[in-house]
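Next come two complexes, and both contain subunit A; in the first it sits with subunit B, in the second with subunit C.
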Partner chain A sequence: MKYLGIDPQKVRVGVFDFTGCEGCELQLANKEDSLLDFLSLLEVVNFREVSSDRGDDYDVALIEGNISRADEIDRLKDIRAKAKVLVAIGSCACFGGVNQQKNRFELDDVVKEVYGDHKVETDKVKRIADVVKVDLEIPGCPVSKEEVERIVVNVVLGAEIKIPKYPVCVECKQKVNTCVVDLGQICLGPVTRAGCDAVCPSGKVGCLGCRGPAEDANFESLKQILMDKGHSDSAIVERLRFYGAFNGTVG
Partner chain B sequence: MIHKVITKNEFKKFVDGLIEENQTFGPKQVDKRADGSGIYQFKEVNSYDDMDLDYTVTYSSVKNFFLPFREELSSFDFSDKGWDQTVEYRVNPRVIIGVRPCDINALNILDKILIGGAYPSPYYMARRTNTFLVGMDHEPLDDCFCESLGHDTVHRGFNLFCTDIGDKYYLTISSSKAFGFLKNVKVADPVNGDSVKFHERRKYLRDSFKTKVEVAGLPSVLDIEFKSPVWKKWGDKCLNCGTCAMVCPTCYCYGIEETIDVNLKSSRKERVQYSCNLVDFAEVAGGHNFRPLKEDRLKYRFYHHYRGFAQNADDPICVGCNRCGRACLARINPKDVISDLQMED
Partner chain C sequence: MIQKTNMKINVHHLTRVEGHGNINVTVRDGKLVDARWEVVETPRFFEAILRGKPHDLAPTLTSRICGICSIGHTLASLRAVERAMDVEVPKNAQLLRLLAKHGETIQSHVLHVFFLAAPDLLNVDSVIPLIQSHPAVVGVAVRLKGLGNDLCDLAAGRTTHPVSLVVGGLSKAPKKKELQAMRQRLQERLADVATAVEVFKGLALPDFVRETEFVALKGESSYPWIGGDLVSTDGVVKSEDDYLAMTNEYKEDFTTSKFTKLSRESFAAGALARFNNNYEFLCKEAKETAEMLGLAPVNHNPYMNNVAQLIEIQHVMVESVEIIDELLAADLDDVCAEYEVKAGQGVGAVEVPRGILYHDYTIDDQGSITKANCIIPTTQNNANIHHDLPELVTQQIELGKSDEEVTKLCEMLVRAYDPCISCSVH
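Take a look at the complex of A and B:
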């Protein structure tokens, strides 16, 4: 594929999954109408969901999932050593995701609740950035394929990578949605980074904050607003803890 | 301007005729708040009965019909050698029914900036000239303050304006298009009684405003209070979410985005509606942010609205609809911020 008569440099990528549902990897293989164009910008060296190749000579490693076992730490460090650029994709990789919720309980209790007496090796959940240096985070549960496409195009062409800094409300109001807070719900849209096209509030579901905090987000003000509307402190905190993206704000 | 009267039954026929021949938008109830009050938006309608013409006010303004939140300015094709640019601002004729006086005045302000300004926008102009506007008066809500800004009545910028005088509408016709359309239905010249009712209705509406905002001398108040602690008080509440600017009928600030398609054969340049409350509104190349503080961003939005830009001759661009105040979860509203400033020593 040429761009303005020049052959762009393809990105040699490896995609690796850790603890997570693999939904973000599936997203990379979704959006079939532009999938061939997307894949032609990449040289897939290692990506279990789309290829049987198992190469080690990737430049960019995309990491999905979080770290919850000792062997995952070794594997991740090995990938970091081989990759020039390491990208955390999805809320699990960026923030710990849904499964970091277990970090607030005793591990033995968690294992017993899910597996009974069966022995399972599992640790407290770590974000990718807790273990190795991360060069770029692409948040979302799952990641937005449109956003990944934009980022890959910009990497290939050497353009600046931009992820919105403002909150979801902007996109929600641009869709002329009804504000779900007015409908009596808790919504983290005012403090969550945009880029999802307000998909949850568009479906009348308050934002769960999967894309993490917007820049300079005003948590105090949102908490006050929600409490004034009669929501309990515990319900607000529970929502903020859902993806682990706001753990700095809720203790 | 020509004045006529039309019975409400005949008006219904007139509107159904418009809807049959044109893409038409009108107020519709889309939801109910927790307290039971209706939430209205302008939506595409298929018949007169589809609309809720007794609506109070729409949550969002009609601005986005003229300044879409995302609008393609040009597209580029470089699949062959070299490249081609396509610029398209063709808009199919359409009708919007039930627009309030403050919203029409807001469009008149946008006209001044986007048609009368130094850089007229052909995109805006195409949408504005191809939209047939039917205005309609309404009883003000408790928090409407358009009367303080002189925007409770409107004299131009619409095709047809309807004032409710009981079983009839008193029509103000300000375009030959509207005059032509009305030939298909029964309208009559106003008799004396109609005009009396018209004046009474106007007076009644004007007297119904409960919220007043003192705007005379506001530019100098704002200049004097540039360093007032009032800005921090409200800035601390501000979510920086841009909701105010999105629902506002006049906020027109925008950014430009250029996107290369994933096939590397085409690209687009788009205008996207932005807000001066957003964290990176004043961020420049290299990463420096001229307005890193919430209170500064909030302050400058008020400055643009009430202190004015040379572009709009220092007139306020606020029309007093209080959509921002109603939509703001943090309850930041022009009346309270302005009265705080005026109390400031």
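Take a look at the complex of A and C:
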């Protein structure tokens, strides 16, 4: 059985980090119960954070973080040329994540604010898909470790890959949580794609949309509901822009 | 003895550390020409992004500075916001936050000691071959890591990027039944710590000493984690608000991380620095472990940071049981204070796994942040690493060590500090 030209018996996976917090990568090493099974299915050839073995031939490249400096573009293109399947993992890679909030400011201004008069090279934050072709995107800040394992294993086995399209509200209601909107908070659950088990509202905190838009998300109606509850337009937009996941749909 | 060693060490993107850094060493005719620790990580400019942000989103945002110590960042951010606006956090919320903090210390230290540092001591590339060769050690590591993660999940809703730590306290407290179960697991897992200590007794850490200054929070009645005065082994004591005078940041051109100093050209923060400054507050069991592993304050061998981390894992596990006992006897219905938004400035200092972390915010009367400063532990350690390297290399060439041996010792030295590089270039 072959899938995307890869023989599942010897799938080699490389994990690469660009600009980000490495929290997504860490999830891969975090799942104690299934980590060893996961590792037995594939061969991790390049995972700088946990291994000094640097193999250069891989079939699947998992990419964390976004692109914010010229040298990263070359490194990413090089990985794309070598990998059969390139997967963007995490909100930074998929949407720019929290880092894209930098794009609201002038580059000179952010450098000056942090480094004073020292010159530091930095560019506007780009998503992985802005630079190379991306085969699969797994959103989340951080990604859910179950989801990455499931999807990578499915890539390996050639099974169909499913990421929920319905909103976080569905999962939240399944968990019989009290709706945080009724507690006076802003929650983006109605417009955000599920798959995180509604972890934020389950902790009594509004969803910030780290997984990006759900199918048929109705932003205007969500805005209206929240504004009727007394939230300001700017407070809602601030949250919609938090991970860059709705850029293009909101101002 | 005439030595004509020539050596060029160039470790590009050091492995088994968090983030991107290079080690460059040049030795010509037996003389050290240059030894550098360069951080090449891409900066993200969090302090600039924080400007204009509503104060209640600051902890959620700054959590993303670091995937490993996200709870630490969240707590420092909360403390800065809460001190700026004079928010009184309820006692039980403080205990729950400390529990989340301890969970993070366990998971982060276990990740470092067993997954990142131990492969060097056992001469392999990663933890993966150890699954076959040292199954007992890997078992201990996997169980303790799981314990740390589950403790974070329980107290903060999620390990990486916590959910329920909010301004005023916690949005949701764990159930007592869950705390009770966690208490039992903590006690059971102490046996794993004992196994780890036995293994460590048999491992030789490199013998290298360079006298330096160690900076930590100052314990008053317990081993310090959240807030309080700052102290150094050179006798400096300052208040939390005076953190700038404790860190003195400056910038060098060859690295994207800033450097810091206090009484000398550099200082160290982290587990060894906490141990050196606050040994007296460790629990009895942790002190016994220290004695067994030959660690006594003030110790100047940076490789001993690994041992100090193991000791801290034990200490926080014991302390977590005590915290849970207190929580079980308390009413956990209300763990969040109401507060009024007001203008102010506040500093939050928190001991995160790799050392003291500072967040400092100025907030306007609308509750928006107008100015932010974050000083990261690895930033504080970068200069110390940078000054250790030439001394280490010089000692090793005098001993006639090969390129390969020196390279490995340099890599292990940097790893011993458990640098969190993306964090230091936030």
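General observations
Note that the second predicted complex is superposed on the first by the 242 of 251 C-alpha atoms of A that agree within 3 Å, B and C clash if a C-alpha of one lies under 4 Å from a C-alpha of the other, contacts with A are read in each partner's own complex, and residues count from 1 in each chain.
Throughout what follows, a residue touches a chain if its C-beta (ideal position, glycine included) is under 8 Å from a C-beta of that chain, and two chains touch if they have at least 3 such contacts.
On a predicted model such as this, the values are computed, not experimentally measured, just so you know.
Partners subunit B and subunit C fit side by side in the overlay (superposition on subunit A). Of the two partner chains, subunit C is the only one that A:Gln27 touches; subunit B does not reach it.
In the superposed model, A:Glu137 lies in contact with neither subunit B nor subunit C. In the superposed model, A:Pro190 makes contact with subunit B only, not with subunit C.
Panel annotation: after superposition on the shared chain A, the angle at the CA centre of subunit A between subunit B and subunit C (CA centres) reads 110 degrees, nearest 10. In the superposed pair of complexes, A:Asn218 makes contact with subunit B only, with no contact to subunit C.
In the superposition on chain A, contact is made by A:Val170 with subunit B only, not with subunit C. Of the two partner chains placed by superposition, A:Glu147 touches none, neither subunit B nor subunit C. Between subunit B and subunit C, C touches the greater number of residues of subunit A.
Shortest separation of subunit B and subunit C in the overlay equals 10 Å (C-alpha atoms, whole Å).
Residues 17-27, 29-30, 32-33, 35-36, 39, 44, 47-54, 68-69, 72, 97-99, 101-102, 104-105, 109-111, 113-116, 118, 120, 122, 141-142, 199-200, 202-205, 208, 235, 238-239, 242 of subunit A are the ones touching subunit C in the complex. On subunit A, the positions that touch subunit B within their shared complex are 1-5, 8, 34, 37-38, 41, 149-150, 152-154, 156-157, 159, 165-167, 169-170, 173-174, 176, 178-179, 181-184, 189-191, 214-218, 220-222, 225. The touching residues of subunit B, when paired with subunit A in their complex, are 30-31, 33-34, 39, 41, 59-60, 64, 69-70, 78, 81, 83, 236-243, 246-247, 259-264, 273, 275, 278-280, 292, 294, 327, 329-330.
Looking at the complex, you find that subunit C touches subunit A at residues 13, 15-20, 42-45, 47-49, 51, 53-54, 57, 60-61, 64-68, 70, 111, 115-116, 119, 125-128, 131, 142-143, 145-146, 149, 157-161, 163-164, 166, 171-172, 251, 253, 256, 411, 422-423.
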